[in-house]
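Each of the next two complexes has chain A plus one more chain, namely chain B in the first and chain C in the second.
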Partner chain A sequence: MTAVDWQNLVQGIPSLLRGLLVNLEILFGLIALGFAVGILIALIQVYSPRPLSALAVGYEWFFRGVPEMVLLMLIYFGLRQFRVGITPFIAAVIALGLRSSAYQSQIFRGAIQAVGRRQMMAALSVGMTRLQAIRHVILPQALRLSIPPWSNEFSSVLKDTTLASAIGVIEVFKKARFIMGRNYALALPIFMVVALFFLFLTYAGNWALGALERRYRIPGFEAKGAGERF
Partner chain B sequence: MALLVVEDLHKRYGKEEVLRGVSFVLERGETKVIIGPSGTGKSTLLRCINRLTEPDRGRIWLNGVEVTSPRTNIYKIRAQIGFVFQDFNLFTHLTALDNVRLGLIRVKGMGKREATERAMRELERVGLGDKADAYPAQLSGGQQQRVSIARALAMDPKLILFDEPTSALDPELIGEVLQVMIELAEGGMTMLVVTHEMGFARSVADEIIFMEKGVIVEQGPPEVLFTNPRVPRTAEFLRKITEFYGESG
Partner chain C sequence: MGRRILVLALPLFLLGLGAVGAEKYIVASDIPWAPFEWASPEGDYLGFDLDVMRCIAVLKGYAIEIRPVAFDSIIPAVVLGEVDIGASGFTITAKREEVVDFSNPYWLSNQAVLIRKDAAFKSLDDLFCCGHKIGAQRGTTGADWVQSNLVDKGVDVKLVLYETYPEAVLDLVNGRLDAVVQDEPASQQSISAYPELKVLDILETNEYFGFLVASGDPKGLLRKINDGMYELGLRYDLSLPAEGQWKVKFYIVPGSPWDYLVRAYFGPPLEKVEAAWKACIGTLYDKGRTPEERVYEFAKCLAEKASE
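Then we have the complex of A and B:
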């Protein structure tokens, strides 16, 4: 690499970081959406009677079955066709968020079922309603159990935010391609920088999740906590 | 008026008819013990009483209110009936104190301070005042079961149902739980207890109900059932269970 290449690379980094910020915004949006809808779908699948729970299973099947790229196109161009004004950013959050909700729902469903019916029965036996039992007894335990598998989903959706470039969101991947387009000598280094960004974010995110897991570990179950060796 | 009236209760799971017409009455302050071979519907019967399991047929009254009526607020009924499970079923993510306090705050709408005081009193009553901050996994089985009794007591129940409360315990831990139950019975609590502890049944129960295959075979005061049962099958069962479990407790 020549001195000019190096200069271009260094000059490109602030622009990359601004792009990365967009990825983080998409990430927070899609995780929040996926979390809320995911819990709802899981609760419906576990506790609802047949017609509603079958609907939830259908939802989960659709959003786990359709490729993410196709979902992005469906939502962005599809809504535009119906003259619904939607920005690429919002479309990306919705498409990736709904996809994630289907995956997250199965994490939560597994955790809720692992907590077990007997905890529900004990809560009902003191006079709690099902909603109270879910809120105060089932979910606090299920969410703790969800953290390890959820960290998988986090790592996965973090990287998926780069797919938003396909519908025109100017995020880090798109920015890297701009920079490469102006100077092909930067092709390798610029994507190495992008890779490093994501490696760092994956590390930071999983570290935070590990800290969360330790923070909410239930005493007496220490051996099952994060970072323990057997 | 009797505190609890159970009339012609039926329950079937698929092809198996677990309860086939069970009727009995429980007076205020009375302790009745239900015995019988496993798989005869004893646990199902208890769960039908507060409708944790919905009975197929039959009626139940608590204090004159029909529990089985669709118009009855079942949550209010359950708050008046304590339930002690075989495997404790403490809320695993909560301390002993919070286990006892949760129902007071969420169901009875008690303020936090008042609920804490009440919960502490109940924990002390079962001898666990010093374990208020312990989580279930940090307690022995006997201690967990005593917390679950405190959880039931805190709600001021009219009646407590015990579903084999000592069956999951190591033998040396059974005594501490039975002791608490004996004190409750002597204090006038109304209790319906499914158990294999014949010593407890004999010394504490006002009446023993012998159930088999979903029906009540015989019921009566312990001295009658143990010494002079009407039905030969009762005598046979009592002999077997006394040989197996002994009379301790």
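Then we have the complex of A and C:
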């Protein structure tokens, strides 16, 4: 690399960071959407009567089965076809968020079922309604149990945010391609910088989730980690 | 009496205010394709097409937003009304004119065949055979040329399509391609970035570039763009050909903003242009002066600083 290449690389970093901010915005949007819808789908799958729970299973099957890229195109260009005004950013949050909701629903379903049916029966027997039992007994435990698998989903969707570039969101990956297009010699170094950004973010995110897990751990009720209970 | 005028004037005033606020058009451009459009390392969008768009917007009193869109998605985006103008070195072709409307032509380009200097090709005949791999950007006239003049006619070459032009050039440098077909100015830019490349030959395709808008020009933009190009200093010498293809000769008013923009963008290295652009762009939005002065000062400043 020549001095000019190094200079261009350094000049490009603020622009890349502004792009990364867009990825983080997508991330928070999609995680929030995926979390809310995911819990709803999980509760419906576990507690609802047949027709509704079958519908939830169908939803989960669809959004887990269709490739993310296809979902992005479906939502962005598909809605465009019907003249529904939607920005690439919102389309990315919706497409990736719904996809994540299907995965998150399975994390929460597993966690809810791990809490066990007998706790629900016990809660009902002391006079709680089903909703109260879910709110005060089941979810507090289920959410704790779901943190480890959820952190896996977090790492996965964090990286998926770069897919938004395919529908025209100007995020970090797209910015890196602009820089590569401006100076071909930066092809390798610029994507190494992007890789480092994501390595840092997955590390920081997983560390924070690990801290959350430790903070809310109830002795004796944690998920069975390696060497902890054996 | 005074009250009545006020009552009448108020809605008109508000209407005018609304129109001023609403007059913002989205310009779609495929970045990067230097020197017509690219992003500087700091992330500014610049290039000949984009600055022509900016200058016309200043002259005609509207605002623009530049949105990077992949080349083969620009026409669909214009058709769907997602963006208003396509400014990305678009060749005016009959096929494209079926779905969009073009401005007057603003540039004449030919296709260049780019190869590595160490390659053994002496002529196009050596290259266009034997299963050689030729790269081009998807949706461009360069790709079309290879498809219809070589592949469709059974010449033994393989056309490899890329989403962006620089990626094709990178594969040529890396030896994964034997040649790249692309417009001349962009090819010259690649050679200055990559001395190991050279132009094997020029394909005289005589392509005219135009800016494009949705079919029927629903927002009345073509008039503004055409007038704007004229005011910037682009003239035509219309001599209709005796036979065959119509041919337009461009004539640029010496010392006009158009002249300066051409001098700034076609010649100096990109980093010089970027530094000049950063130093000069402020003059284009200097509210203290008339639009004509601002455009002239900006273009002149850009040309002078870029060639210092």
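Everything below uses one rule, namely that the second predicted complex is superposed on the first by the 219 of 230 C-alpha atoms of A that agree within 3 Å, B and C clash if a C-alpha of one lies under 4 Å from a C-alpha of the other, contacts with A are read in each partner's own complex, and residues count from 1 in each chain.
Rule of thumb we're sticking to: a contact is a pair of C-beta atoms (placed from the backbone, for glycine too) under 8 Å apart; a residue touches a chain by one contact, two chains touch by 3 or more.
Please read these numbers as outputs of a predicted model, since none were measured by experiment.
Novice: Between chain B and chain C, whom does A:P219 touch in the aligned arrangement: first, second, both, or neither?
Specialist: In the superposition, A:P219 contacts chain B only.
Novice: Identify the partner contact of A:F178: answer first if only chain B is touched, second if only chain C is, both if each is, neither if none is.
Specialist: In the superposition, A:F178 contacts chain C only.
Novice: Which partner chains sit in contact with A:L124 here, chain B, chain C, both or neither? Use first/second/both/neither.
Specialist: It touches chain B, and chain C stays clear.
Novice: A:N8 in the overlay: touching chain B, chain C, both, or neither? Say first, second, both or neither.
Specialist: second
Novice: When the two structures are overlaid on chain A, which partner does A:F82 contact: first (chain B), second (chain C), both, or neither?
Specialist: Touch partners of A:F82: none, neither chain B nor chain C.
Novice: Show me the residue ranges of chain A that touch chain C in the complex, using the header's touch definition.
Specialist: Residues in contact with chain C: 4, 7-9, 11-12, 14-15, 18, 80-81, 83, 168, 170, 174-175, 177-184, 187.
Novice: Hey, which residues of chain C end up touching chain A in the complex?
Specialist: 31-34, 38-43, 67-70, 73, 80-82, 164-167, 169-170, 173, 193-194, 270-271
Novice: Considering the complex alone, what residue numbers of chain A touch chain B?
Specialist: 118-119, 121-129, 132, 136-137, 140-141, 144, 218-221
Novice: Please output the residues of chain B touching chain A within their complex, sorted ascending.
Specialist: Contacts found on chain B: 50, 52, 75-76, 78-83, 85, 87, 89-93, 102-103, 106-107, 134-138, 151-152, 155.
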